[in-house]
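Paired with chain B in one complex and with chain C in the other, chain A is shared by the two complexes that follow.
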Partner chain A sequence: MLARRVLQFLIVFASGLIFLMILKYSLTLSDYVIPSPLDIWHTGKDILTVYFFDTLNTLSVAIIGQIISVFLAFSVGIGARKSTFAGSFIKAAAYNIQAYPIVAVAPIIFILLGDGFITRLIIAAMICYFPLLLSIIGIMSEPVTDIEHFYNVTSRMRWQLEVKIRAFENMHKLITVISGSTTLAMAGTIVAEFIAADRGIGHSIRIALYQSDLSRILTALFLIGIFISVYQGMLEWAGERIGNRWHVSN
Partner chain B sequence: MILSLTNLTFQYPDTEIPVFRTLNFSLDSPGFHALFGASGVGKTSFARIVAGELTGFSGQLYIKDKSIVLYSYNQERLPGWGTIRHFIDSTTPSSMIEMKKQLIDIFGLSDCINLRFSQLSLGQKNRVNLIRYLLQEFDLLIMDESLANVDERLRETIILKIKESFPDRYFLYISHNLMEITKFSDTILIFRDIEKIPQTLTLKGLDIASREMPDRDRLETTVLEVMNAC
Partner chain C sequence: MGRRENRKQVACFKLTGTGIKMTQYLKWLFFWGMVFATITVDIPLGNAQEDINYRLKWLFNTSVAGDLYALDMGYFKKEGLSVAVKAGSPERDAIRELELGQAQFGVASADQVILARSKGSPVIVIAQLFQKNPLQWIYRAEPGTLSNLSDLKGKTIGITYGGNDETIMRALLKKGGIPEKDVTLFSVRYDYTPFYRKRVDIWPVYINSQGIILNDKLTENGEKTGFFDPSSYGVRFVANSVVTSLKTLRERPAMVQSFIKALLEGWKESLAPENKQKTLSVLKKYDRDTPTDIREKQLAITRTLIIPEGDAHLGYIDREAWRQTEQIMLEQGLIPKPVSVTDILFQDGFGPTQKKQD
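Right after this comes the complex of A and B.
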């Protein structure tokens, strides 16, 4: 699973590079616009270590942001699963906020909190929180009637049991949603770093952009892709292990 | 009398034809009673109305004060994260522990009690589901095809055990097995098409309580009565 994800990314990345090279040589673009493969290789080699730690820094913020989002989304999703006023209100609010580009709110956070870890974390968490929340509300508010019926009619249903039943029955969906939110968390962190931050791969991309250094940008993209693929692969592997442990059927 | 329905009329929203029109029925004595009829005539809707799971009907529904009515159906499942033993134990009142052991044995589930629900056959799943309902406190238990996919002989054993163990409770058994209904039921409420008047008929079954073969002529006569009534 992990290897397949990395391989898929390598294929996509290689295709992108080939496309750039076709563009470069067919339009006879200068090395300043699109560097030659050798330039990309040399630049990549030179900055790989620095960018590796920058990406690791970004990923660690994204992971923490994602964990916060998952916890928040579960808390709110569980609270909003009933068709009460509060539940309906939270659902409607989540749908509306989801439709709003969170990135546009990022400057306000920078103005209020300045650049740094907390700001990056909040933006990462915000960007992956709302899609997660909507999925989790959807899953938690859908009764599993065939299982819940007995507990309801015998007055044995407790909210913990209800949540456990719904989470168990939708385990694959939950794993897919959480794994998918990785990309959002990473994108959120990079956007935050790109707007204003003093570290992280987004910050490095911003510097490379000011220098119009496509080799550096491509190296950063390569590392981001590899890191996301590995992390998503690990999440899916962990999800599969949990599923097997719980005997979740496919 | 635990249950009485007078002039029950029910129609699902956004449909043009009612499921029942002025249906009358009462359940006077404890025992094993049945609902019989072709698919789609309203047996399950009737059962869910009696159990309080379906509203929007007109007419009068009387259920004796504080009576507990449970409705079980054959597609119910147990959660998948534990064994059958775990879920049955966790929902069995302490007063029913001895009964639990007996039912597990008689229902032929001793060998699969440590398996998970998804590992059982369809017949085993239905038996497990029925057991957990039988172990609850109830006055009337509606069993909607609760013994589907169970072989004939074991079905008889189970029905006889239910009749023997719970003589003071009411059961409403929904099944498409004509012979079984006829042999073991006390009262049989037959559901017919909405166009037929009356829509339901009540007949007496043989109410057999042991494995003894009933009188052949009586059995044939009752089976024919039920068939003709449909």
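Right after this comes the complex of A and C.
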């Protein structure tokens, strides 16, 4: 699964590069607009180590942000799964906050909290949290009638049991949602670094952008893609194992 | 009957199957057609479009007063040109747009131009708008703060990593013989809180835009400010210039001549003291967010940065400053080898008084 994800990413990235090269050579564009393969290779070789650790730094913040988001989303999602006022209120609030562009909100966070680790974490969690919350509310508020009916008519239904049934029956969906939120957490961290932080791959991309250096940007994108693929692959693998174990124990 | 009906049904299925295949094929054709159309619309080739696009370096503000004045007062139209003046941003690179045919003229800083040329971009400078770089550092003017380069020692200095203020500051430190370990470099971003809170001693600003706003705020607070000007210490790093592609210059010299004539006329008139109110109203039209009193101060400073000293004309290309800019970039490893800077600069000059020593 892991190897397949990485391979898929490599195919997508290579296709993108080939498209750029077709564009470059068919329109006879200079290395300033689209760098040559040799230039990309040399730049990549020179900065690979630095960018590797930058991406690792970004990923570590993204993972923490994602864990926080998942916990928060589950807590709120479980609380809001009933069609009560609280549930619809949380949904409406999540939709509204999700609509705010983070670049507009980010400066307020920077003024309040500075531009360190916490700010990056909050922005990553913010970008990741709301879509996750809406998906989890959606999944957890959908009754599994066949099973729940039995417990309801025998008056043995408790909220813990209800959550368990719904989580178990929708395990595949939940794993997909959590795994998908990796990209959001990573994107959130990169946005935060791009706007304010002085470390991480987002910060490096910002510098490369100021220097009009597409080779560096492509190297950064390559590493981000590889890291996300590996992390997502690992999440899916872990999710599958948990699902199988749960299935066996039940 | 049964067999006949069956045959009919089979034929019908076959036809329907073909229909489905046909529809899928058409959908497929439509999808790729749309992809192709999007690409070709986004990347127009060569001079396919008749309108002239002029991509600025930054958003509409007082720094582009002359560009907007030329547009609004019809100087381009007078020359028979239909020009769209487009705001810039860090993500919009005029030189890239020139190569892609999305713009015919643009504004770029000297480091951008030199870097582009070192990577083979056929860009050429046709006028240097800023005779003096507006990039300076604001500081709180306490006794002995910054009277010479060695005063930078021990200071926390704001720089934009990757920006030309980083290059300029590194050139200043080298000139002053100050090792980087003797200063603290602070990564500058959009908000000025670290400077207001005195976490940073000197903060990079464009003296004709944020410089005025920061200065006013600190003055209101009873604090005295000063500006640290790199050119006072011999670092003359060229700022914004008007660029075009070599192809446009070779193939449409008359159009380039008309464009630059209209543009420089616009700049000249916009900076004339008697046209101050007209210029301010043009600016107000395009930049509604800046208060009028600030805009007025910005215009006064912009005038001193654009109008050359001595007998040089507006748009004069200061070749010596360009050579120095190239030298700084070489020393800092921003370009691998010299780019022969004189090849980037339009040799003939558009003004009547381009100095002979060039």
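Everything below uses one rule, namely that the second predicted complex is superposed on the first by the 243 of 250 C-alpha atoms of A that agree within 3 Å, B and C clash if a C-alpha of one lies under 4 Å from a C-alpha of the other, contacts with A are read in each partner's own complex, and residues count from 1 in each chain.
By our rule, a residue touches a chain if its C-beta (ideal position, glycine included) is under 8 Å from a C-beta of that chain, and two chains touch if they have at least 3 such contacts.
Bear in mind that the values here come from a model prediction, so they are computed numbers and not experimental data.
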Inset, instruction - Would you check which partner chain A:Arg156 touches, where first means chain B only, second means chain C only, and both and neither mean what they say? - result: first
Inset, instruction - Figure out whether A:Ala86 sits in contact with chain B (first) or chain C (second), or with both, or with neither. - result: neither
Inset, instruction - Using the superposition on chain A described above, determine whether A:Leu27 touches chain B (first), chain C (second), both, or neither. - result: second
Inset, instruction - For A:Leu7, decide between first (touching chain B), second (touching chain C), both and neither. - result: neither
Inset, instruction - Pick one for A:Ile147: touches chain B only (first), chain C only (second), both, or neither. - result: first
Inset, instruction - In the overlay, answer first, second, both or neither for which of chain B and chain C A:Gln211 touches. - result: second
Inset, instruction - Mind telling me which of the two, chain B or chain C, contacts the most residues of chain A? - result: C
Inset, instruction - Starting from the residues of chain A touching chain B, keep only those that also touch chain C in the other complex, and list them. - result: none
Legend entry - Of all residues in chain A, those that touch chain C in their complex: 23, 27, 29-33, 35, 39, 107, 110-111, 115, 195-196, 198, 203, 206-212
Legend entry - Contact footprint of chain B on chain A as seen in their complex: 146-147, 149-150, 153-154, 156, 164-165, 168-169, 246-249
Inset, instruction - Mind listing the chain B positions that touch chain A in their complex? - result: 51, 53, 70-73, 75-81, 91, 116, 118, 129, 132-133, 136
Inset, instruction - Over in the complex, which chain C residues touch chain A? Could you list them? - result: 43, 45, 90-91, 93, 95-96, 99-100, 112, 115-116, 119-122, 160-163, 187, 189-191, 193, 334
